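Let me begin by handing over the structure; questions about it come next.
Going in written order, the chains are labelled A, B, C, D, E and F, and every chain counts its residues from 1.
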Amino acid sequence: MPIITVKLAKGRSLQTKRKLVQALTETAVSLLDVKSEWVTVLIEEYDRENWASNGKLHSEKFGKGFGKKGAK
Amino acid sequence: MPIITVKLAKGRSLQTKRKLVQALTETAVSLLDVKSEWVTVLIEEYDRENWASNGKLHSEKFGKGFGKKGAK
Amino acid sequence: MPIITVKLAKGRSLQTKRKLVQALTETAVSLLDVKSEWVTVLIEEYDRENWASNGKLHSEKFGKGFGKKGAK
Amino acid sequence: MPIITVKLAKGRSLQTKRKLVQALTETAVSLLDVKSEWVTVLIEEYDRENWASNGKLHSEKFGKGFGKKGAK
Amino acid sequence: MPIITVKLAKGRSLQTKRKLVQALTETAVSLLDVKSEWVTVLIEEYDRENWASNGKLHSEKFGKGFGKKGAK
Amino acid sequence: MPIITVKLAKGRSLQTKRKLVQALTETAVSLLDVKSEWVTVLIEEYDRENWASNGKLHSEKFGKGFGKKGAK
């Protein structure tokens, strides 16, 4: 029943996504008293030009990429 | 006023989308006491590698495609 | 697999909600080539003071209520 | 930067929420190459009468409660 | 057509909400080449115990309240 | 802390996005008693074939484009 949505910068590998959904599902199962097959995980990828903090687009703050790439 | 969002696997045809938004809007109008022009429908398409259930990505569970394609 | 979210003004009866989720699910099944048990429907209710169009809160445009109640 | 949203049935304790946000944040940090202070977690709680699967409201399928309470 | 959603801590006054939706709508109209009546604004209020950053619930980091109340 | 999401038709320029996130952030700071660095803005772009009102897809109502392009 829980639906977990992860909004993040575009570009993670399939391998990262595979591990991510598995780990998030295990967390939900162990803490929320739900069955594994009830858990849905959605990954929503954003271009850095569509994400801003402190009034600035991340494409301009951090350049291209994702995660700590480009960030100080 | 109602906003109906449909999250689903990428790949439906324009014809399917056309029928879908019409049918959802008619349902809202007939059950919710609203005018047709108040109803907004948004379609949000996901790659199967961005949707998981039971801890597994749908691209790996079902292969490429959408709907029952690839599902048992 | 589809997740249908309906954002609307607070206050519909349980009977309306029951019919709504049934009708939306049937629409999804008939048009999207999915099984009924794959379809999730979420209802998200908003106070009219948290919904605005044309720059005005609906609580002030339409008064209390939902649907066409209070609307011209 | 990642924003993790968890939609679930209303009623978890503060202690459960505390552990949940900590565990989800740790998962994001360890798999997504982000700093802990970049991770936001939002918990969105639904009444069971606002959540449906297979065309039926969970309040009617499972009764009151959350998690496996009321479910077979 | 644009739909602007503001997720924030619960507790702003009606007067604040009124000004907020007006200002956001004006921004959309002036920058996005849309008509005022096309713009919808939704306000989504969260209890601080449902919002976390850096792995900690805001109710525990900041106490009750909203905005800078309780924050250093 | 506020997260502002703008759903709109695809196609705005980088310059428009830059101004938009800056203006929305300033509005939040001036009205919500928050710090600028707490404000996140997400832009979610939709193809016109994924947005409908009054039961019709905007790609069919308005043609290609965004804003008032194609609209009467």
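Keep this in mind: a contact is a pair of C-beta atoms (placed from the backbone, for glycine too) under 8 Å apart; a residue touches a chain by one contact, two chains touch by 3 or more.
Model, not experiment: these values are computed from the prediction.
K.L.:
So which chains count as neighbours of both chain A and chain D?
P.N.:
Common contact partners of chain A and chain D, which must touch each of the two, are C, F.
K.L.:
Compute the shortest path length in steps from chain C to chain D over the network of touching chains.
P.N.:
1
K.L.:
E-F versus C-E: which interface comes out with more C-beta contact pairs?
P.N.:
Comparing E-F with C-E, the pair joined by more C-beta contacts is E-F.
K.L.:
Shared numbers divided by all numbers used: is that above or below half for chain A and chain B, i.e. same or different?
P.N.:
different
K.L.:
Quick check: how many Å separate the C-alpha centres of chain B and chain C?
P.N.:
Result: the chain centres lie 15 Å from each other.
K.L.:
State, to the nearest whole Å, the distance from the C-alpha centre of chain D to the C-alpha centre of chain E.
P.N.:
Taking the average C-alpha coordinate of chain D and of chain E, the gap between them is 21 Å.
K.L.:
Centre to centre, by mean C-alpha position, how many angstrom separate chain A and chain E?
P.N.:
22
K.L.:
Between chain A and chain C, what is the separation of their C-alpha centroids in Å?
P.N.:
27
K.L.:
Among the residues of chain F, which are close enough to touch at least two other chains?
P.N.:
3, 7, 40, 42, 51, 53
K.L.:
Can you give me every chain pair that touches, using the contact definition above?
P.N.:
Per the contact definition above, the touching pairs are A-B, A-C, A-D, A-F, B-C, B-E, B-F, C-D, C-E, D-E, D-F, E-F.
K.L.:
Which residues, counting only chain E, touch chain C once they are in their complex?
P.N.:
14, 17-18, 21-22, 25-26, 36-37, 39-45
K.L.:
For a test of understanding, state which residues of chain C touch chain A in their complex under the given definition.
P.N.:
3, 40
K.L.:
Write out the stretch or stretches of chain C touching chain B in their complex.
P.N.:
Where chain C meets chain B, its residues are 1-9, 12, 16, 19-20, 23-24, 27-28, 30-35, 51, 53, 58, 66-69.
K.L.:
Using the touch rule from the top, collect the residues of chain B that touch chain A in their complex.
P.N.:
Result: residues 7, 46, 49-57, 59-60 of chain B touch chain A.
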